[in-house]
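Two complexes are shown next, each including chain A; its partner changes from chain B in the first to chain C in the second.
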Partner chain A sequence: MPKNKKELYNKKGVIAGIVIFAFIAALPFLINLGKAAPAPELVLTSKAKEAKECVRSKEFIKREHMQLLDEWRDTVVRDAKRIYVNPQGKEFNMSLSNTCLDCHSNKTDFCDRCHDYASVSPYCWDCHIDNPKEMKR
Partner chain B sequence: MKSSSRRSFLKIAGLAALGIGAGPTIKAFGTIGGHGALQPEASFKKGEKAMEAKQWAMVVDTRKIKSEADIRPMVEACHQIHNVPDQPIDRHAIKWIWPEEFHNAFPGLQSQFISEKIENTSFPVLCNHCENPPCVRVCPTKATFKREEDGIVMMDMHRCIGCRFCMAACPFGARSFNFRDPEPFIKNVNKEYPRRMKGVVEKCNFCAERLAVGKLPACVEASNGILTFGNLYDPQSEVRKLIREHNTIRRKIHLGTKPTIYYII
Partner chain C sequence: MNVNYMYSLIAVIVLFLIAYVGVAALHLQVVFGILIPYLAFAVFIGGFIYKMLDWGRSPVPFPIATTGGQQKSLPWFKPAKLDNPTTKAGVIGRMALEILVFRSLFRNTKFEKKEGDKLSYEWEKWLWLFAIAFHWSFAVVILRHLRFFTDPVLFPVQMLESMDSFFQVGLPVVFMSGIVLLAATFALFARRVYIPQMRYISLGADYFPLFLIGGIAISGILMRYFAKTDIVSVKEITMGLVTFRPTIAEGVDPIFYVHIFLVSILLAYFPFSKLMHLGGIFFSPTRNLRTNTRAFRHINPWNHPVKVHTYAAYEDEFREKMVEVGLPVEKMPEPPQEEPEEEKKE
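Presenting the complex of A and B:
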């Protein structure tokens, strides 16, 4: 055997193995090809519709509602300030239970849809009580 | 030639890795404090009716307590509005305010012979909202803290990790641990107040949520005049008036926690 020649041993088996591996690895992508889940559509309660705008703009709430709630909690519990004044000058009681969930009382058709889509499972409702009829646990 | 090409390859690879890493890092630095920047005009304030005090305190006029039945309405009012579960097993019990006998509430103060009335009466006990709270000192997560605003020893349930150091530190047994999920044991749910989850400690919060809207604590309202609530550092307040006019005792003052619940005996 010439010294410099490099040879793949068990060529057939190795190449077949690589092909099979690549196929299996790609299988989840192949199966889900063209089946992207559509963006969730949210159902607003009549109360939420009537209010027209949330405490902040829709875009802000979509992107930042978790940070907003975090800030609200700290301000209420630690600084004893419970009123939120939004940029439009409108005042809100900073309360997930009494402000957010009062309008958005339809957890399964509102909160859950996006959370499921984004595959996150926040545990807000363990303590902040939603409509008990919708409890699925 | 061969070794120098390896060298230059490694150099380029290193630079490339640096470049890939640098992008997100610079971006992340750019957004620090971004949440504040995104909501520049929003602000927070207290409610107009919010009651304020340097240190809230309570006076219990035990002369008005005829039997334990006089304390029960306070317990029920408190536990109802705060979604305190009624755990069937005693060692799982959650208590924010509860009746206690004299020798348990005031150990060390009981003489060998004691007035029949005191021996047979129950005393309402709750978190003392100490001015020097040991529970706050031991909390590793700052989930419980002494609020500067009004002296209430508050809890941030989101931060409680359930280590129960505070329960060991509190000399008044004012803290309870949720050994079980409280949900099935809450009879009449008050949707306006959150409940708790398994694995957190809870206790009386001096009705901070009611004070914020100008209401007296629920137990005070339900107490039929037995409890008086007010600012400890306002010489004109109701509590200070009662403390001035009557001889009062507090629980375990020798421990130096400076409790703010006063009992007229």
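Presenting the complex of A and C:
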């Protein structure tokens, strides 16, 4: 049996390994040292405020707006249907630029704030850049 | 049915349900979202370091580096510098290949009887393929998850995300690594079940991590593509954890707590399980030793310090007596005339 179980062999290597491990494991904490990361504050345009309600309930739109947009896109582009009726019976033109960005014309203070926080960069804006209100800004 | 995997499967399902019921029915968000993750992380760090120290204290009695090529020998033999490394740089190179591309697994062959009694070695890369798919996608998933723990999100993480979603399928865009992770986990599980020899040697400790990681992947995929949850609130929770300002945001579905609970179990289980090969690979004498056995003597640290009495010392001690009785000595006492005088004086 090892006579002296206390002895650390290859001391330099093991300590270096422990330091590297601890550093990597602590990295998420170190990066955020002394920072608070509050959720983004969203700005609603006066037009949106007037409407009060989004296309769907807030709970739904928060979670599933990307899936709604996907559905809209497919319905318009594949089936050439442009009218969406929400559960409340209200009709909307299924359009990213003309509907979503009509109410939420402040894309940088609305969509982008959330997306930057959650690190999503929708590729939609590669093409859908025809929002005149946003362009004027 | 096989008890080893049934028990593991049931264990993971029970864990899944514990978190789900705990949050959905008992509203223990604080427990599952704050206390358990912190505790699990502490156990992970402490356990990992404990293991490293434990292995660091274990002596290596023999040089047992495995070799896969020609050892350094006479100058006209070409040595395999990476497969049979005699230098520190060679060992680092071999270790890097081992960790990054699983080189030794790539050498895997199958040995079986073919056409009656003909024995043959066969090319067998499936294990390597599943293993590399599993580990790399796991790494990518973990690195991508840094988006929940940094604000602003680091640029390399964003780059990784855009590469991972390269095909832009669906909305939210499909991350390939998550799907590959789940598929590879399943393949590694299927391998253990369908190959009889593998099934024979597979234990609960082999199945449990697979199911656990599969459960984490399934709950993550559910959360991203199906049972949508509010990612902004999720990030409030995760950022709370890493800035030591723990909060529980409203509106986060139980599935998130299931995900993070299974991750906590994984973290706490990690240092004490086979998963610890993450740290263990660096301590493997078969990998981290140089194959310089012909050039240097490896001293076994177990060796008791043996008290030796060399012949030279023995002769020094007994020279006079040996000369007296006429035994041959290697070194004659120096001036033969003076000695008798000294003896007389005494």
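Everything below uses one rule, namely that the second predicted complex is superposed on the first by the 105 of 137 C-alpha atoms of A that agree within 3 Å, B and C clash if a C-alpha of one lies under 4 Å from a C-alpha of the other, contacts with A are read in each partner's own complex, and residues count from 1 in each chain.
By definition in this document, a residue touches a chain if its C-beta (ideal position, glycine included) is under 8 Å from a C-beta of that chain, and two chains touch if they have at least 3 such contacts.
Fair warning: this is a prediction, and the values are worked out from it, not measured in the lab.
When the two complexes are overlaid on their common chain A, residue A:Val14 makes contact with chain C while staying clear of chain B.
Contacts of A:Lys6 after superposition: chain C is touched, whereas chain B is not reached.
More residues of chain A lie in touch with C than with the remaining chain of the pair chain B and chain C. Touch criterion met: A:Ala80 reaches chain B, while chain C stays clear of it.
Shared-chain residue A:Asp126: touches chain B; no touch with chain C. Judged by the touch definition given at the top, the superposed model places A:Ser97 against chain B, while chain C stays out of reach. In the superposition on chain A, contact of A:Ala118 is made with chain C only, not with chain B. Note: residues 64, 67, 123 of chain A belong to the chain B contact set and to the chain C contact set alike, using the contact criterion stated above. Contacts from chain A toward chain B in the complex involve residues 56, 60, 64, 67-68, 71, 73-75, 77-87, 93-94, 96-98, 123, 126-129, 132.
Here chain C touches chain A in the complex through residues 44-45, 48-49, 52-53, 56-60, 146-147, 149-154, 157-158, 161-162, 168, 170-173, 228-233, 235-236, 239, 242-245, 249, 251, 279, 282, 301-302, 304, going by the rule given at the top.
Against chain C, in their complex, chain A makes its touches with residues 1-3, 5-11, 14, 17-18, 21-22, 25, 28-29, 31-32, 35-40, 59, 62-64, 66-67, 69-70, 114, 116-121, 123.
Touching chain A in their complex are the following residues of chain B: 35, 38-47, 50, 83, 145, 147, 149-150, 154-158, 189, 191-197, 208, 212.
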